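Two complexes, one shared chain (chain A), two partners (chain B, chain C).
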Partner chain A sequence: MKFPDVILQTAAKILVFIIMIYSIYILFAGHNNPGGGFIGGLITASAIMLLYLAFDVETVGEIIPLDFKIIGAVGVMLALLTGFGAVLFGVPFLTQVYQYVNLPLLGKTGLGTAFVFDLGVYLAVVGTTVTIIRSISEDL
Partner chain B sequence: MSLLHFAVLLPFLYTIFVPLFFKKLPRIHTGWFVIVIPLLLFVYFLTNFPVQTDSPPIVHSVPWIASAGIHFSLHLDGLALLFALIITGIGTLVVLYSIYYMSMKREALHNFYVYLLLFMGAMLGIVLSDNLMVMYVFWEATSVSSFLLIAYWYQRKKSRYGAQKAMLITVFGGFAMLLGALMIGTAAGTFSIREIIGMRETLADHALFLPAMLLILLGAFTKSAQFPFHIWLPDAMEAPTPISAFLHSATMVKAGVYLVARFTPVFGGDMNWFWIIAIVGTLTLFWGAFMAIRQTDLKALLAYSTISQLGLIMSLLGIGSLALNPDFAAEADWFEAAILAAIFHLFNHSIFKGCLFMVVGILDHETGTRDIRKLGGLMSLMPVSFTLTVIGGLSMAGLPPFSGFLSKEMFFAGVLAANTHTEQWTLWLPIAAWVASIFTFAYCLILVFKTFTGTYHPDRLDKKPHEAPIGMLIPPIVLALIVVSAFFFPNLLSYNLFEPAIHSVLPGLRLPGETFYVKIKAWHGLNTELYMTIGIVVVGTLLYRTYKKWGDVYNLLPHKYTLGSLYDNGLAGAEKLSARITSTYMNGFLHSYLSYIFVFIILLVGGSFVLLDAFGYDLSTNAEIGLYEYILAGAIAVLAGFVISVTSRLTAIIAVGAVGYLVSLLFVIFRAPDLALTQLVVETITTALFLLAFYFLPKLKTEVTRIRVKISNLLISVGIGALFTLIGIAAQGSNQFKPVSEYFQNAYELSGAKNMVNAILVDFRAFDTMLESVVLFTAGIGVYTLIKLRKSRKGGQQ
Partner chain C sequence: MNNIVVLPLFIPLILGVSLFFIRKHIRLQQWIAALAALATLAASLMLMGQISSEGIQVLHMGGWEAPYGIPLVADMLAAILVAVASIVTFACLLFAFHFIGEERKNYYVYPLMLILLCGVNGSFLTGDIFNLFVFFEVMLLSSYVLLSLGGGRVQLRETVKYIVINIVASSLFVIAIAYLYSITGTLNLAHIAERVAENGQNGLTTTVSLLLLTVFGLKAGLFLFFWLPGSYSAPSAPIAALFAALLTKVGVYVIIRMFTLIFNHQPQITHTIILWLAALTMILGAIGAIAYWRIKQILAYNVVVSVGFILFGVGVATDASLAGSVFYLVHDMIAKALIFILGGAVVFVAGTDRLREISGLIRYRPILGWLFFLSALALAGVPPLSGFIGKFLILQGGVQAEHYIMAAISLLTSLMVLYSVIKIFINSFWGESLLSEGEQKSSARGTLLPGFLLAALVVGLGLGADIFMPYVDQAVEPLVNPRIYIDAVLS
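Now for the complex of A and B:
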């Protein structure tokens, strides 16, 4: 925006990290605790939005040099492909499977294709939301 | 997944690589990379050849949307194999031909071959699908890809016009077919064509039998360019000639024929089926042949001749369907011969019409025109093309020693049999067939002699004509060789190819072990059929010689009463009407749009609640409302009231955001952490987005509105508010439907997830979530393009 807000900028620098970490936690937690790809995606998007509010469009563009359109597209593709992946195994479209495996450090962990799907949703939400915000704010 | 599935999907998958070949290897014609696919598929289908009529056909099924009875199931029987071989065989030749026809330097070859492969895959999908819904998907895919192919030279207005016409007419028919397929599927309780055929006796008495038949026929007739839907085909000739050769000889228009043949076992015994197909087919046969004579563009001539020949095949299928009628059981052999004629002619037509289209393409390519009035005397300059035209043209005319003669004779045998063996007034059938064949003969003469004999006018041609490169000549030569050899050795194909195909069109007609021995003979004595052919030659030659004298017949019908102008005026009228209707309510005021939406919701939702008597309340089971909840609800109400009274947009937005946050607190109280979280974040983002978007809006000011508008606004807003309050209360007590919650109770066992909300989102209702993310992303890209495009246009003006 137009004028630098020192308090907001200083706070944002710290808050963005906290929000980001929280959003990733939410994304992973979705399986067994409140959360999931949609909420996680929105929280990440709100963290980026906070950056946009605190700094200007160019600065944020330098901080996160990513094309969010592509991130959104990757997310949608991921969600679609997990669906088609099920077809390859001869089960109906979008059938999700899960399995408990013992991972190093983490111990017994439930892994499921649902998470890949959720990750797709997460990326789609982040990509879309930031694309919208960015296109409108670049127009200001 | 089976190899057969892979065969259908291969052209689709390969399209991903075509642009890469075009970009990375620009020195090699992209066609050389593409030709591998049809060739490979052709060989693959040959390995399944011949299909045994006794053994059950090859069926492979992959569940797709199993809950709706939609499986991606494919089957390969005689009929499907015949079509698959024609599609891939002619496809190979067409791609080879296009390598020499399409310029490597000037044309967007990657688009061309991507469309072509899409089209080929879709065609294979149609003929191999066993599931009606899957077949419909492929059916529409051919409409879309043929639209792209016809509009390949989209810079030309006529190409776009032709493509739109083909699209509108075939999609209209496709939609009718979908309805028909849904009806027959409902009646039979399955979408599998094999199972539907299996229960055809019980289906005939179903109330939906006749409507389903009519709708499916509508789909077949529009696709196969039957009268009066034939008007799209001549305009589709704007496509590049290899495409015309492919679409209009072997594939697109044959899809309708395939549909009729495929459904003959279901509807065949019905007299309506016979009458409709025989009448429409014969009418198309006559009209196409009649109109072909007046054409001066060689491609248009071939287009009308395609229409006419398709009518011939259709009418034969109509006659042959009588074999399944129990009233004609004694004469079934005669009608079975008609089906043989249909299949044989379908094969012949694909071959000789493909050949003729390719020759016309060569003429166009080498002389720069397709206008008969400019062409002439090319015989000595282009001897190979001339020979090919003679073979193709005379085969179409039905003369020996070409395969067309055999199927034409069989066609006459079929119409004569229909006349003698049905005790109804069908004398018109052989007469119409004969008259149409005379016209066919005449336009074949025009095609051959007006182009290649007579005086040579080098001044009328743009280029100096010479024979085409060998690569362009090979495909039509191959086809011409088939035409000739099919005359001398017709039975080579008949046992292995036609007999299994007949068996799929007329299943259960013969006892197991007993087969209809197909024997096609060139000479069968001096019979009526032969006299008919002799008559055709005599009268046809006469018509050709005297065309100048009777050609004025075509001007009797004023242009504005033709079907083409009916279509044009209808389209223009529909556009005008819809523009007028749209402008009455799309007035650009957000206020109006919201009113429409709200009034509609009130009427629809409120109305259905009243009709179902669903309003009502039962608060007896409610827990006591706590103080905290009262406070929250009160705060929400006060804030909502505050929103409408403020004069600054900023305040209003923040107040709306506050309402949202308070609602999320309510969710927390009711122990829905997922909802609360979502609500909280959504509220944050939307508030920020509102702030961004409202930045562009002018300052809020009190609008001066008439009292009547104010009252209606008040009514609508109170109405919608009251409706939702009532629904909320009613949802508490009434149970209109069986609750779905028991389905989710086993969430942990089913999905391994302890968070049921998330399990619903990503597992139970994953299909919804997936489509929602697609919609979300599409909306995001929409916003992006709207803003960015507007900006770049602004930048362009500066």
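Now for the complex of A and C:
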């Protein structure tokens, strides 16, 4: 069917890392700045899509041996359980806690439980987006 | 603050999602799904107990106070409907355990049913109009998949129609929300109600309310029900029972909520329109129900008739008629699930849903037959079953408010409903048996448990109406006096 596109493959190998790092930056920035789990997840999914375009389904399956449906489910569970954690402390569902911690190397860092929720959203978006695009492409 | 309000959403969603991890273990999935429905029921019963002693329960999610944050508001109406939705889902799950084929079991049918329940409960409980839209979409997305699951020719055709109709309705819904937001500057239902009451319901607001009525008319099958008989007769019986019991009722609930809480200042326009639409819905639905000779079509048209009937009580908007509407709404969710389950079982046993090709089932399936007869009587509102009290109250309210024509129409259509379901009973259970013992396509054993459960509720609600009525009265209070709802949320 299709012959290996050397330029696309070489570019993809570098670009995927840049896109991935950017998506993780966006995920972390989401607390106070534009960004967050949803958009970060979409960017990660687009990096995975680029891999699918440059290589084929089997190769990418070997690189990322994960079932994306399960990743989506893990994400939803994570987001829900973070929200439910608040209930255990007797405050309203989805209440977040935010604190500044001095971490080695990073210095004064803000840690919020909202991030864990966002991580759940991120995984859910990656899981569903890749699943949708893969199942559409399988029809072709 | 009361975190129990979130449980009816949380339990089905998290247990539903957890089933994704055990896709191959069907039996374990069944246990967890049934447990999720029961746990949701327990949470909603607890909620009902709290509301009856302490009044409306509000949860400001994330600790952000209304009107800035998004609240969940459990008044008695919402709590009752959540409890009934959980019971109905439990019954449909029990039915599905026996009647859903392998090809669907392996494709997430139980998680989808639970996520549907989450969307339905969320729509009942939310106190924010945009969140209402979101929960509607949660419910609709799972219904799209449940409808198309299995992928038969008819199913796919009906799914496409259903999706197109609902996408049109949903985009109109968002447009109406945008209008409402630009008029009132808020999305919180209680806050919108307060602002509309302060500034008066002018022509623009009334127009937006009619746009919303169109949207929910499409979803509830109020007059715009042309899509409903096809869509509800396409999926397999347990899914159809779940749809018939829950989906249109959410639309009905939202119409009740909107037109008692927010748009209650111009009843001569809005409520008159609701009344006429309800009358037309009853007439057209009843004609459809007696015209067809296929079980699935007849039952689907019966869904339409009852939507018209409930909204007749909402249009009249007196204490009695609203209490009747609430009671009948509860009755109808249970009775529709029951008759769809039994009707589905008849189709399974006979192997066809054409009435002229079924005959004499009572010889082999007497219990199924008598259960069907009981549910047919309940559907028509024969005392002492649960349909009677709701019908009586709605008619009482209607006659007191001097809507004689509407009352006559609803009585006439009740008779037509009775005729249509008795037609199914007579044709499929009486007469010469066409099947010998060995030839039956399926036994109906799986229907008996959910059938008896729901039939017991239908009988119990009718005989124990005195016990249930205080809850209904409490549910009607915020409908008659929206101030109670507004104060509970904004205080």
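What we mean here is this: the second predicted complex is superposed on the first by the 136 of 140 C-alpha atoms of A that agree within 3 Å, B and C clash if a C-alpha of one lies under 4 Å from a C-alpha of the other, contacts with A are read in each partner's own complex, and residues count from 1 in each chain.
Going forward, contacts are C-beta pairs under 8 Å (C-beta built on N, C-alpha and C of every residue); 3 or more make two chains touch, one makes a residue touch a chain.
Quick caveat, the model's predicted, so the values are computed rather than measured.
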Which of chain B and chain C A:A73 touches, first, second, both or neither: both
Broader residue contact with chain A after superposition on the shared chain, chain B or chain C: B
Touched partner set for A:L81, first chain B, second chain C, both or neither: second
Which of chain B and chain C A:L53 touches, first, second, both or neither: first
Common interface residues of chain A - those touching chain B in one complex and chain C in the other: 69, 72-73, 76, 80, 83, 87, 91-94, 96
In the complex, chain B residues that touch chain A: 1, 62-66, 673-674, 677-678, 681-682, 684-685, 688-689, 692-693, 695-696, 751-755, 757-759, 761-763, 766-767, 769-770, 773-774, 776-777, 779-781, 783-784, 787-788, 791
Chain A - residues contacting chain C, complex: 69-70, 72-73, 76-77, 80-81, 83-84, 86-87, 91-96
Residues of chain C defined as touching chain A within the complex: 1, 3, 6, 10, 13-14, 17-18, 20-21, 59-63
Partner chain B, residues of chain A touching it in the complex: 26, 29-39, 42-43, 45-46, 49, 53, 69, 72-73, 75-76, 79-80, 83, 87-88, 90-94, 96, 98, 100, 110, 112, 114-115, 117-118, 120-121, 124-125, 127-129, 131-133, 135-140
